[in-house]
Structure formats: C-alpha cells, structure tokens
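Got a structure for you, questions after.
Labels A, B and C are assigned to the chains in the order they are written; within every chain, residues are numbered from 1.
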C-alpha cells in the first residue's frame, strides 16, 4: 500500500517509532481528531469500549474525510455513503450492497495510550512494540500535576528541537517569563553534554540568582535568591524532558542537599511533524505542590503558553527564511554541540531507513 | 489566438458546449460579473439594448481588468486608459489616438439566454449553435416557481457530478434536510440506470416513508406517510435535473396514479468549472403550488442552501485529499455505475477534443 | 557570498543603484524596519549615534530574524541566542563563548540618507557612491512641505512605472480625485517626450479646465478655470517626479508668465521592488503655501492616498492576469512611447548586469 509519497517521506521523517498524536482530553465525548502526521491525514477517536483507534482520514471509496463520520461502537461510519470501518480499517458494511470485496478498507495505525497521550506508529506495523512507547514516571504519578497543552507551529519540528538544545536562548527570548536575567547566558554553561545513541542529556546550573517570573508567581517568598538546576534530555524522534530544581541559594543543592523550600518541576515536550514545515507541539509542565494545586498548575500552564509563543516568533521566522533560501549554509557556534549531535542522529536514522527500504525492494 | 494554456486545458475541460455562466439576477442594474470559466477570466454584462455580452476580462492594451470598466450602450469602456470595446470584442475608440489598429481587441464569447440563465460557449465559436443550449421546460413555464441560487465550491466539478450520481448519499449526508431516514440507503436502490450517449438517467423509489424535513416545512399534513420517487438525469458537461414526486403512501403512484395531495418538484443544478479545482454551482428548485408560492419557494431555497452546504464539506474534503495525493487509486462499489459511466464519457470527449486539435494543427 | 538566488535575481532587478528603503519617520524611536528588498529580507534601524544601518534580516547562526533583535548603540543584538552584530555586519559578541570566528557575520548594505529617505544599495558595495543618491531640491527646501506616505502593492514595480508613464489614465481612473474630466484624455496630449539615457521626461497641458477635486479642496476660489501643466520625469530604477502647475486660465502660463494665484506642486514617487510581484511604493506630495500649511499637506496626502488606491485596483488586476498567463502578448498603442522606452532601458541594464557577472566569473 506504499505510495510514491510514502517513499518520498522516508527520506524526511523517521517512520518506525511512536509519535505523540493526541492528548486524552482531545478525545473526550467521542470527539474525532483530524490530524495530519508525517504528511498523512489521520482520524483518531476513542471507541465506545474505550479503545483509541487511528485510521487514514479518507474513505477508500471516494476519498471523503472519515473525520466527518460517526463513531458506532469501536467502528467508524463514513457519513458520505455510509460505509462502516472496523478498528483494523476493514470495511464491514456497504449500505445497499450485500457483497463486500475483501480488499476494501483503509490503513489502521497502531495506537498505545500512556501518560495521558495517545501514541501512534506511522511506520511498519510489524515493528510496533508497545514497550517502546515513551514512558516518563511523573506522568503516571498522581503526586505530580500539570495541565497538558498543544500549540501548532508553522515550522519544521527540528527547529523546535534546536531551540530546546541550547538553553542559553532563555536569557534572551524568555527574560520576563522563564528566566531571571540575561546573565544566565553569560555566567552559566552546560556542566556536561552526554551524547546518547538516541539523543542527548545536559545539565546547567545558575547559582545565586533571582527566581524567574514564572516561578515567582507560584511561590510564597518571591524575593529570596535561588540556585537553579536544569537537566535537559532529548530523545528521537523529538521527545524532551526538562527537570528543573530551585533551591534556596547556598544551601548545597549542587552537592545533592535538598534544603527546605526547594521546589522541583517536571516538563515534557513532544514534537510531532505534521508536514516537513509544520509541527504539532505537545507539552505538560508538572509540579508536586499539594496545596492549591490546580491554581498552581494553571499559572504554570499560562506561563509556558506565553513563553512558547516567544519561541514561536523566532522559530517560525527561521522557517520562513529556510523556505526562501533552503540551501543557505548556517554557521555553528560552540553552543551547538547538542543540536549538531541530534541532527546527526536523525540523518543516520533516515539513511538506515532508506537503505532498509531499498533492501526490501531488492528482495521483492 | 490560442495560448499554451488554452491547449493545456483542452485535456481538462470539454470546450465545445454551453456552460451556465450567470443567472439573470446577477446582471441586474448594469452589474458586471467577473467570473473565471474554464480558467479564463471573463466579464459578463447586459448592454443597454438588453443583450448579454461576455468578453475576456483583461484589456488587450495593458491587461487591466475590464470588469472595472463602464458599460456604454452595449459597449464596454476600459476605465484604465479609456479604450472602448464593442460586443464583438473589437476596439472602437482609443482616447487621444485617431487610428485604431484593426487587430486591437479581445475575445468575445457567444452567449445565449434561456431559462433565466446566460449560457456561454468557451470553445470554437463556429460550432456554437443556440439550439444546443440546455432547455428545460419548467424553467420557462410560469406555473413553476423557484429562486435561483449560486454556491462556490473549492472542488473539481466532477466531484459534484459524482455526488449527484448516487442518491444513496442522501441517507447519510442529508438526514435532517432532504431525507427522512438512513433507511433510504438500505431499502431503496435505483430501479434502472440508463447509460446515455451524453449522460445517464436513473429512478429511485422510497415507499411508505416519512416526508423528509424540507418537504414537511411546505405541506399542510406533515405526518402522513408518502411514496417518494426521484428521477435523476445528468448530461454533459455537468447539467443535472432531479424530478421528485411525493404521493400519499399506497395510492398507486408507482403505477402512474396521481392521487390528490401528490406534490412534485423540479430541480436543476449546473456545474461550471471555474478552474480544475474550483466550481461555480448554480441551482433552481421549482415547485408548482400556486398559493403562498413565494414563501414556499423561499423555504425550499433555504432548505437546498443548507443541504448543499452539507455536501460541500464532503466534496471539498475529497478535493483536499486529491490535491495531496493525486495518484491515489479510489475503489469503486456497486453504486458507482452511473458515476463511472459519466466519467468515462468525459474522458472520451476530452480525447476526441485533443485529437481534433491535433488534426487541425497537422493541416495548418 | 553570492547565492544561487542572488545570481537568479540579476536577470530580474537592477542591482547597482540606490533604492528607497525607509522614510525617516519609519525609523523613529529605535523602530526596526523589517523590509524585503529585491527579494532579500533586510532589517533597517537608526543606531544611537544617528547612523542608519541595514543588515541581512537573519542571524548567521540559526537564521533567526534580526528584526526581532535589540539595538545597542549602533549595534544589533540577535535576541535568540544573544549574538551582537556591529554596523558592518561583523559578530562582536557571542554570549558564553570567548573566541569569535572571524568569518561570523551577516551582510551589511550601504545606506545614505537624503530628502527624508534612507536609500539602500543592494548591489556591489564597491560601486556605491553616495553622490549618486537621488537628490531633489524641494525635498531639502523648508519652503516646500509634504507628508511622506507608503503603500504596499501586490504587483511588479514596472506596472506602477507604466501607470505613471501615461497620464491619460488620469481621465478614467482619477476623475473625482486628481482630474477634472474625462476630456483630459481626449483634448490633451504630451507636448514632447524626451527619451533620456536613464529615463524619460514629458510635458502635458490642459487649458481652460475646471480645477480637479484634490486641488479645489485646498484653494480659496474653487470655481475659476485653470490652465494645468504637468511635467513628468522618470529615472531608473523607478524614481518619478511630477511637477504640477495650476495657473488662472488665459494668463499666459504656457508662455512662462506666472500670474497671481498660480499654484505649484512637487510630487515624488519611488518604486522599490519587494519581490518580482510586490512593490514598496513611497510618495511625498509637496506644496509651498505658507499659511495653514499642515492642513493643506494633510488634505493633499489624503487625496493622494485615495488616488493611489484607485490605481492599485487596476495595477494589481494586471498582476493577477500576468501571474496566470505570463506569456500573453500585450498590444501597444501610441500613448505607450514613454513606457516602451523605459522598459527597453531596464532590459538593457539587466543584460549588461548579466554580462558583467559572466565576465567576473570567467576571470575568477
């Protein structure tokens, strides 16, 4: 069932992995989510049994959008001429016709739910192992709380990955929201950058600084100095975790001592390509304060929403430039180590994928 | 005067036939209609003598839009530098210049008015025979009344033709407007499909059913069961008539007996390509009730407007899919017999047209 | 640093000349103007010393828009990762990195201010001579006053040049604003057209006519007949001056006698290509009445704004047509002499530019 377009996008998107597709809250009340992922229009819905189903969002008959359809049990009825598809994508009813040709159907995509997210597998379904789904403990732990968010970007997903690969941008883009001062870029550097087989990790400390605005809004003592630690990790295809700690300044946090008043956050961000120039950006910013927890989560959500839109102006500006002059060479600086490693990993995976496809075709 | 684009569109649009171009009401009060037809921008206006004129909508001098011009008698003055065109497209005045080069002019298109519609001929003007204009008696008969309508589609005209080729879609798209129940798709089938040289005809009965909502709104007894007959006919390039009868259930309508309380409708729909992915859709839904006839016409107009917008969501969704993956193969089902025949006829005409052009060029 | 795109646009835009880039008023209060010129995104700002600087509007590091940056002295800081560029485009600070690779930088464009306008040189900087900047005395003379204006066009700049090359269009486009009557096109003609090496000049008289509406609004005697003279001059790449005189009719203005009550205007219009289908249009309409001068300038500004938008409908309509059928041949008339000469000059310059580039490459 591969089309010319499928083969073309093999050189562009990593196919055999789980992508964030839809937050739980998007599937409430039988809502059908019409979402293009890796340039494939998909309809995602929760069937009446509770199972989440993802199908190609066009009927095999006349290409009507299935997202205009109706959920019946776990099946989906195309509301143009009434054909019914089961969760495997097979046609099980054609109104006015008794015989159903066995070939009639659409592609169904493996889906797994974890951490409040429906994850989709766009590649070879044989290789889809639910054990590989991104699993981050705080998302399953009721002690942590956050409000999940979604932003649409008019930019390639790797430009967002780049953004998160160098936290120095906080000093310029996010003063007033996530960062206390521009000095963050001058006086702090990554302690170490770990180059992993499937991503990277880096740690950055900012000692004896003011609490940044977003943090000030949700703490009782807004003026005490803090020691801030950020531990950032990124995995293929574009999954990011940032663990942030604010400890009262000088209480030895860098030696592992957690003084009273230390506060921690857990932040996940998932970049799922819609097309080569558009991205679905999902995030959840978690805190573990038990009092007034919904209001704190709401405040953090609003701060992030504001901060991510600060990023968006830069990132979409980059994309507009790349659209105009795709061959222009960018110049790397020292801070690009993590970014460069990740882009190298992506290139390697895409090359392997292309060679794998060639090998399969040679056999067939 | 053929351009590369003219030759290109020979493989896409049937040229030598009459297309619906503008309703009478669109030409009231000297209004100039700027309308692209078969990818040619045309200006259409009614001259002071009453004659309807259609010219290329760009001045031969500097390509200014003639639809920004001024009607003077039956002529049109370009309001950029003031050149005047007569109904044949010839320039008859150049302000500030005495000599008018005889070649100066724009293309004029044959126009014929019939049934409240101005019909245009985009092909070889030598072949334009007014006797071939679509002629449907109820449109000329004051006994019948309707309010003509227009909708713009972001879709190829054949997707609208397809829609009208299989009335089973009424059961899913139009329950709540044109159809009483989804059972229409299950218990009724076309009685017969006639494959014509230039279109098709089919008939479909729905016995002992509730009157559908749009009909209920304009009849005194909303609850009596009815026997419904639809006779649908489609002709090249995309002209559709639907004759609908609602007879009191069980009164023998299927045997030709018209019982008291039987009501009939006459519906015309014309699909005129704007471009290969956009369509001008004209319709008129006629009734023959003599009391309160304007209000009934208005109610039917509103019902159709609502129903056609139900179709539009599906049809424009199809087009979006085809834009993305133009080579994807759709799978036919039993109900596609009329649709397949019509698309085959279109393909045949386009091939003949292309061969005709080749023959002409070989001679020249 | 030439890109494939630079070489491509050599055949489209004249590079080695000064283009109008931004009015003084656009650079007030440290505003950064993001403006694409000859298809190059540029950021223009006034540094704290008063100097106007123009840089490529994308950081050499990750292509973020520099127009989102911050002016510091005469330098510009990219607000993504904090790199600082001096007015020559050189990077002089990288936060968190001590060594600055000497190659790191962006292109800086020569800028000269004159007549309230910042002029930019997009070509070879070696050839940029400030003495060549367009210099029109009334713009420096406090006796004359006008309010500078800007309009964005969705059209190639030459279509605006065309418009200004034939003032007969005033009779049709601008009756009600700039012209008293359609007879202007019939009874007046250019006295003489001078074909210059770098443009053209032409003069046109309209004797014993009513004052046009825009002029009536700013004179005490609205009803006296006038003799109107227009002297129009156009220079490469697209710089236009129109000198207009209204003398009381029959007082011998055509013989050089300036009777009491004669009024003069000085009008400049600059066409700067944004892209091949979009244009920055700058204008300033000057008068020399010393009483109530701001209100008169405001009235003239408003009249011009209205009149230029009358043109815009035609000119953008032309562009839409050319987008659709770029190869269609337009037909010249007698009034196109100036227009044809100017387009011939542009073609000649573009050919020279291309040959120059080829010669340089042959040597290298």
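Simple rule for what comes next: a contact is a pair of C-beta atoms (placed from the backbone, for glycine too) under 8 Å apart; a residue touches a chain by one contact, two chains touch by 3 or more.
Because the structure is predicted, anything quoted here is derived from the model rather than measured.
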Shared interface numbering between chain C and chain A [over half = same, under half = different]: different
Between chain A and its twin chain B, rotation from the CA superposition, multiple of 5 degrees: 120
Whole-Å gap between the CA centroids of chain A and chain C: 47
Residues of chain B whose C-beta touches two or more other chains: none
Residues of chain C touching chain B in the complex: 162, 166, 168-169, 171-173, 182, 185-186, 188-189, 313-314, 317-318, 320-322, 324-325, 327-328, 330-335
Complex contact set, residues of chain C against chain A: 3-5, 39, 41, 58, 60-65, 68, 77-83, 94-97, 101, 103-104
